[in-house]
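For clarity, chains are labelled A, B and C in written order, and residue numbers in each chain start from 1.
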Amino acid sequence: MNSVMIGQYIPIDSWLHRLDPRSKCIFVFCMLILIFFANNVETYTLLLLVGLMGVALSRISVLLFLRSMKLIIWMILFTTLFHLIFTQSGSIVLQTPILTIYEEGVRQAAIISVRFILLMIFASLLMFTTSPIDLTDGLESLLSPLRRWRFPAHEFAMMMSIALRFIPTLWAETDKIIKAQKARGADFESGNVYRRVKAYIPVLIPLMISSFRRAEDLATAMEARGYAGGVGRTKLRVLSIRRADILLLVCFAIVATALFWMRK
Amino acid sequence: MKHIKSLIELSGVWFDYHPDRQMKEQWALQDINLTIQSGEYVVVMGPNGSGKSTFARLLNGLLIPTEGEVRVGDFSTSNGLGRFHIRRKVGMVFQNPDNQIVATTVRDDVAFGLENLGIPREEMIPRIERALEVVGLVGFENREPAHLSGGQKQRLAIAGVLAMNPEIIVFDESTSMLDPQGREEVRELMKELHQQGQTVIHITHSAQEAFLAERVIVIAHHRLQLDYPSRDLYNQSNLLEQWGLEVPLPIRVRALLKNQGVELNEPIGNSDEMVAQIWRYLSKT
Amino acid sequence: MEISFQDITYTYSIGTPFEHRALQAIQVQFNQGDYVAVIGKTGSGKSTLVQLLAGLLLPTSGVLQVWDTRIHSRSKKLGEYRKKVGVVFQYPEHQLFEETVAKDIGFGPKNLGCDVAEIEHRVSEAMSWVGLSPDLRDRSPFELSGGQMRRVAIAGVLAMRPDILILDEPTAGLDFRGQRDLLSILKRFHQHFGCTVVHVTHNMNEAAELAEQIVLMSDGKVIATGRPVDIFRNLPNLQVSGLDVPDVTKWIMSLNQKLSTPISTEIYELSTLVDELIHRGRRGS
């Protein structure tokens, strides 16, 4: 499997890569919230522009962003269709014997699609430019004030990082099983869509079994290498808020203000 | 007389993965009694499925004896606190590197053990660099472990344990996927660790590697079958054949010669002595 | 030549920052029915090369011609081709996926369209080829020892009676007897069915003993091909690529340092060496 998968860290160097994961997390989180406050063409355009600027600053090829979009294209198409068919208010845009499309339906469909795309851009920006380890360290540090109320911040972050670490493992495992079956004559390529999908079913069961085994192996490995919870643990990676991080948060404030000023 | 304490002590150890389902004669390890002193270099040989990896896992408390006790230093693997300390003393390189690699980049993986030990960051960085240098993975720091070749993964697994600088290192067939030069490097590494006073336990199928150690243990049919200083074993290493293990090449040559009626009876302790003996045989006649 | 790699390059994760060129300008040819050994340092591209041959990876550029199939970067529908090629992967225990040993071995024949009786026949036959006892048929393949899992994986591939049999380090991790057994199985299978065998190994003894042709790889390139004697004569070439001569050769070389008329270093079988020694001993007297 040669494509970069969804949410994979792309280890290059850029302004965005160098930012502290905490400020990136906060920024992206707040941007995701802002998306739901946008309510007209101007505000959506503003957010899209910010997203595109982010893409440019990350120095990651636009192709990779497009590739990660491929994953949600079905979701977008589906909800678009859903709105086109079932939203029935406003004036009629198109009338055919089987289907009537209303203006409100088109509007809703457009809004949902733009929101999905924005969500994906900002989420990819975070995942592409932050290594999973930085990400979980950042989260742990952001969540640590909650420890006062007995929130297990370290364990939560560890769980996150294991989940993230598991994505490539599962990917590799799937690859291995598919290769093993292909090598022994299983056919994933010919026939109609139905047959092709059906060919993948024998992959799923071994994949599940082997993921459980892998999870167990991982727990054993962590134990064997001296992991015993967060107490007394040090970190290779240090987090530090620098001028750029402050700049980022200031940017957010400006965008937010502009957005609230422009929205209806 | 002062009582000399062993570093590792297994007394009356029985173990099975499903002790309730299996008859005792079929348990994975049966009645193991063994002591290993600090600084020893021990090789463990044995056929597939005989219980070597199980033995290794008992040493660092990943498995706990069903009966009997495993002690390392002042601690027993049978209690939680003991295991906590033992894991810091005993580093283990697993048979299959995929089972050992924890992080998403090579550098972070080597760091993982150090972080668990609570090593300060300033000390961590040079230790990681050194470990990667020793195994020849410099330049791979940011690579994803899943994207390494079989042998590269095995090297990474070794680096992760080396960096922690444990008192005892167990290598479970850690050279199986390496090329001859890589094997040679790992053998050198073991020798070096031994000379520095660390305790090295090496599980291997290779006779050549076995006789580099000071002491050879054979586990077969789930029991301890043989425990010899290696220089005493060499001359009678034909013994190993009964368990399907590799006999050093010179000894095999001697046995084949004997089958053909040529008896060379001087005891030998290494390959060179056999070469000398053959040479004498060829020039005598 | 029935199998030819024509200027093949392979790059992992092309078009991403993870891009890694694993093979470069590969030009090699084999004849149908050859026993080919692929040797080379860790990470030199051996596994990548055999996965291309198995039709599991497509070349980034160049053409792989096998009989009348041309495989290139945009090849599709290789299903039929793959049915004629069997692969045993590095760490083949990962290759098992069915619930029982018999089902796992029967997976290939089933995909080939064999009927129930034929599948049954091939499964039993393959199990006896690799020396698996019939009472293991209904065991889960995950509850076996390392050596047994290896045999199941190999049986699963042999049961397909492939025209090209590929093995990626099949003996790594087997005990000595297991290694010898497997090598003799391979030899017999090769002679019996006349298939092409491509055998990746780090063990020079295996390469010397079995191969008719050796492919020596270094850094993603093929740096030499030829008969074992040609390859092992060129020591510098081997050492540059992290390899060595076979143990027998090394031992003969140390013997030769003392002999006025050296023994041929083209001997790879122990029994041949012993015959030579005895011959010399008698001639002397």
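The rule is short, and it goes like this: a contact is a pair of C-beta atoms (placed from the backbone, for glycine too) under 8 Å apart; a residue touches a chain by one contact, two chains touch by 3 or more.
Because the structure is predicted, anything quoted here is derived from the model rather than measured.
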Graph class of chain-chain contacts, one of line, ring, star, complete, other: complete
Pair sharing more residue contacts (C-beta pairs) when B-C is set against A-B: B-C
Inter-centroid spacing, subunit C versus subunit A (mean Cα positions, whole Å): 42
Whole-Å separation of chain centres (CA-atom averages), subunit B against subunit C: 27
Between subunit B and subunit A, distance of the C-alpha-averaged centres to the nearest whole Å: 43
Overlap residues in subunit A, where contacts from two or more other chains coincide: 11
Per-residue overlap in subunit C, given as positions that touch at least 2 other chains: 12-13, 18
Two or more partner chains touched - positions in subunit B: 98, 144
Residues of subunit C touching subunit A in the complex: 12-18, 51, 54-56, 76-79, 82-83, 85-87, 89, 94-98, 107-108, 111-112, 142, 156-157, 160
Sites on subunit A touched by subunit C in the complex: 2-4, 10-12, 60-61, 63-64, 176-177, 179-190, 202, 205-206, 209-210, 213
Complex interface listing, subunit A residues touching subunit B: 9, 11, 131-133, 164-165, 168-169, 171-172, 217-218, 220-228, 232-238
Residue numbers on subunit C that touch subunit B, as the complex places them: 12-13, 18, 20, 40-43, 47, 90-91, 93, 144-148, 169, 172-179, 202, 204, 239, 242-244, 247-248, 251, 254-255, 258-259, 270-271, 273-274, 277-278, 280-282, 284-285
Residue ranges of subunit B in contact with subunit A within the complex: 60, 62, 84, 87-88, 92, 94, 98-105, 107-108, 111-121, 124-125, 128, 142, 144, 146, 160-161, 164
